[in-house]
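Two complexes follow with chain A in common, the first pairing it with chain B and the second with chain C.
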Partner chain A sequence: MDPKFSVDCKEGMAKVELCGRLDATNAPLLQEELKKLIGQKIAHLVFLAKDLEYISSAGLRVMIFAKQKIGVDAHAYLIGAQDAVLSVIKMSGLDNFLTIQDTYNEQ
Partner chain B sequence: MLRIDLHPTHTSKDGKYRLRVGKPLPFGATIVPGGVNFSVYSRAATSCELVLFNKHEDKPCCSIAFPDEFRIGNVFTMVVFDLDYENIEYGFYMDGPFEPREGHRFDHTKILMDPYAKVIGGRDLWGKTPDWSDIYQHRARICFDDFDWESDHPLETPVEDLIIYEAHVRGFTKHPSSGVKHPGTFAAIREKIPYLKELGVNCIELMPIHEFDEFENSRTSPVTGKLLMNYWGYSNVGFFAPKGGFAATGKFGMQVDEVKTLVKELHKNGIEVILDVVFNHTAEGNERGPYISYRGIDNKTYYILTPDGYYFNFSGCGNTLNCNNPIVRNMILDCLRYWAADYHVDGFRFDLASILGRDQNGAPMHSPPLLESLAFDPILGKCKLIAEAWDAGGLYQVGSFPAWGRWVEWNGKYRDDLRKFLKGEPGMVGAMAQRLQGSPDLYQWEGRGACASVNFITAHDGFTLKDMVSYNEKHNEANGEGNGDGSNDNYSWNCGWEGDTQDPQVNRLRMKQMKNAVAMLLVSQGTPMILAGDEMANTQWGNNNAYCQDNEISWIDWSLLNKNRELFEFFKKIIAFRMAHPVLRSRTHFLNRDYVGSGYADITWHGARAWNADWSLNSRLLAFMLCGKHAKCGKVVDNSVYVAMNMHWDMHGFELPRLPKNLFWHVVANTDAASPQDIWPVGREIKLENQFEFLVGPRSVVILLAK
Partner chain C sequence: MPGISFAAKIENLEAMFRFIRKEAQAQGFDEKKVSQIQLAAEEALVNVIKYAYPGKSGDLEINCSNKEPGLEIEISDSGIPFNPLSLPEPDIHSPMEKRKIGGLGIFMLRKIMDEVKYKREDNRNILTLIKH
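Presenting the complex of A and B:
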């Protein structure tokens, strides 16, 4: 199986690399990976999205899930998202938990 | 502990899907661990199949018959495991008798939409020509119920403290002048929240946002050549689903989230959301109409039928929903509860509500079970319930709508009486006295209070405010019905010229008349409703029934905001004035006496002479004074307010009622004065030099405050 994401956690910063599509077919898998981060001390949750072409309702919900479970205090970022993905996130209004940036700048 | 009843027990005939018997409630499609629970009611169907499509595909990918053992009573229910629920569309084949005289019209070749569908595909992009050969036009989809509301909840603003703003989702921002990123959508309304806050409205009433078919009855206008559509949306395809074509994310199927985000944002800014709901008919028309859902699922349950099996037409639209049938009644309750609980909606306005009081044979009922259920429903307990208290079949129930102390009504009499008074018709002062007080003649007998009256001068039906002062006659030729459609009882007056004119005198009078109208509306007891765009003098060029015009006729022209800034400022300030003075916002009717010992009765009537109104036939003058110490039944102390209305064509002096020694009359508004002296911001009212008399100009309204 070729996972369309990778999760890397170091020194309180969790980096999730997204690419291709994130929808109901692979979102549960990502959710399982992210569950492993629960309980660890994470201050910054960074979604790297430059290669993400499409995100669906289910995909967005995994990101929300990650933010809610991994830490209310953690800061969540969406880095380098393509226009198509950004507009979906903004139009649906599900972006209020994310800091949206082109390149990562610690907040 | 793993539950064994969530495991599959059957397999579909083609071996593709694992199944088990489902739970009959809730109806519709519900995501359960591992799969989706489907449940649909039909009393007369003999068999049912679940049909599945991959999104947007022409043909179904499979069809799963409900085994006999998956039927509980009149409900077919099944859990299907391993579904890619984001990417499928589902429907039902239902078989049963085709005996129209008995009320049955089953057709097993038609794919039927789930009446409880929470998301519906097929019209994802407004106005995109459908594939008419598609065998399943309006497709049910499965939605995510979850949404992070954080701490949001319905605002529960008392109804008498609302300023309702009626708007059409698309028309509100579709015009290029609106300057929003996604014109004509829910997302765009969010961009206009700062505007709504500046105006000062605290409640937005959205015309139907449920899924409807804009192509229903579409035709080309013989006059303009434009495509006429079902633009207003008073026609239901699905009661539980928001319209995809109104969503910027419609093409992604994310309209549910987009609407919820809109409600959350509006609430954050103190604005309530009321939805216009249409339970009087569906988009299936009469026996010649299409099979979308209800007709093929259980015709006899869903529709009021004649003894011969034809469709009663109390809605004027081909069929009538059988609202007092217990199944339909429950569906309506489920639907409203869903919008209240899942979308945090603050209230509902019921289109042609009198239909909800008809029994299964069409006869009006004294105590309709549906209306009673709604009035006492626990989940809807704090929701506003607003009735358009008439229907198209002859029932007119303004003042007599079965209310149980909960329902409020669109007061059509307010609209008519205020318009007649405004244009200077004789014999109106008596009626105006009733309307200004919250219409006790209509609502006091059942103890319903002033708050039972939703006062309005304009609504989507009829002229805009600008057109009401610019046209004597309707001009609906563009609708292609020979100007025969739309109301003829407009009680409008064009101020001397029909339509657009450069004449400055006519235009000045029109501006004044609009200010007069909104001033009187905002100082009346009851809940005021204004039509979106009236504050910038939006026009439909005399079309008073623009239900089919998806173009500049009905789209609000935001460039008028700068042109008519004077009017916007007047609206804004008069709204702020109302909100600053609780004496204008009583819940109950006045007692017409002094019960707090202030020396003034709660309301008193005046004319050219104080304490003496002229109630005669030819009088066009009326004034009233509200005693501030009686505000909110004497529980709150407010300033006293005096309003003089001169609808005569000559100037008249109004003798002012005397105030106690330490108080003086200040002018709040005088529509005869040129802007910006026409109205003063709260707290900056101007003390009158002459405390004994005010010269009110012709066709003018003056509002004074005692300080």
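Presenting the complex of A and C:
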């Protein structure tokens, strides 16, 4: 299966680009990738979701995992999410810990 | 009632989705609702795939029927007795560092579908999801 995500981390910023679907078939792969960031000092955790069409609870769990395990003190962002994804994020209360923006301007 | 049986494996999830999406589309749901129905079904199906047959393989069956107006999806398995609706709801307002990882799937399933019912019958778990 083609990867539907990419993870890039430098200078305290972890960027997680999500595409297509994030569900039970591929969320564990993303979690494995994110585990590699444990121990690094992350100040900004940025989920780039412009091209994400679908997210299930398996995907949400990975976002919770990321916040709890690699970015406890990090500011977490959700960028460019489509309506379908946004409604799932809000339904599950994850909007409480994410700054939701259309675009991301590095600060 | 269109029905189909699958080995309860994560690699069959895509085929399960295709079946459910086709049935939902046939009932006239728009793409947004079809996607929501798929999301709810995924939560139920993944539960069966992960937990119904510990240490062994097994099957699950999906039956869809017209529930005027709407769709009824019945997901059944012959695994260990488990009522997913007995799980406590997660506290979605708790701070992120204290959020528990589990329980979200069934919570969303209940939010999306209009009715969700569980019964154990003839040694099978039967979960019924209805969307009007």
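To be clear about the criterion, the second predicted complex is superposed on the first by the 103 of 107 C-alpha atoms of A that agree within 3 Å, B and C clash if a C-alpha of one lies under 4 Å from a C-alpha of the other, contacts with A are read in each partner's own complex, and residues count from 1 in each chain.
Going forward, a contact is a pair of C-beta atoms (placed from the backbone, for glycine too) under 8 Å apart; a residue touches a chain by one contact, two chains touch by 3 or more.
Here the structure is a predicted model, which means the values were calculated and not measured.
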{"item": "Joint occupancy of chain A by chain B and chain C, clash or fit", "value": "clash"}
{"item": "Chain B versus chain C as contact partner of A:7, first or second or both or neither", "value": "neither"}
{"item": "Partner chain(s) touched by A:72 [first = chain B, second = chain C, both, neither]", "value": "second"}
{"item": "Touched partner set for A:88, first chain B, second chain C, both or neither", "value": "both"}
{"item": "Chain B versus chain C as contact partner of A:23, first or second or both or neither", "value": "both"}
{"item": "Candidates 240-248, 546-554, 600-608 or 690-698 of chain B: the single one with C-alpha clashes against chain C", "value": "240-248"}
{"item": "Footprint overlap on chain A, comparing chain B with chain C", "value": "23-25, 56-58, 60-61, 64, 68, 88, 91-93, 97"}
{"item": "Chain C-touching residues of chain A, taken from the complex the two chains share", "value": "23-25, 54, 56-58, 60-61, 64-65, 67-68, 72, 84, 88, 91-93, 96-97"}
{"item": "Touching residues on chain A, where the partner in the complex is chain B", "value": "23-25, 56-58, 60-61, 64, 68, 87-88, 90-94, 97"}
{"item": "Touch list for chain C against partner chain A, complex", "value": "10-11, 13-14, 32, 35, 38-39, 42-43, 46, 49, 92-93, 95-97, 99, 101, 104-105, 107-108, 111"}
{"item": "List of chain B residues in touch with chain A within their complex", "value": "84-87, 144, 146, 148, 182, 185, 187, 190, 247-249, 252-254, 257-258, 260-262, 264-265"}
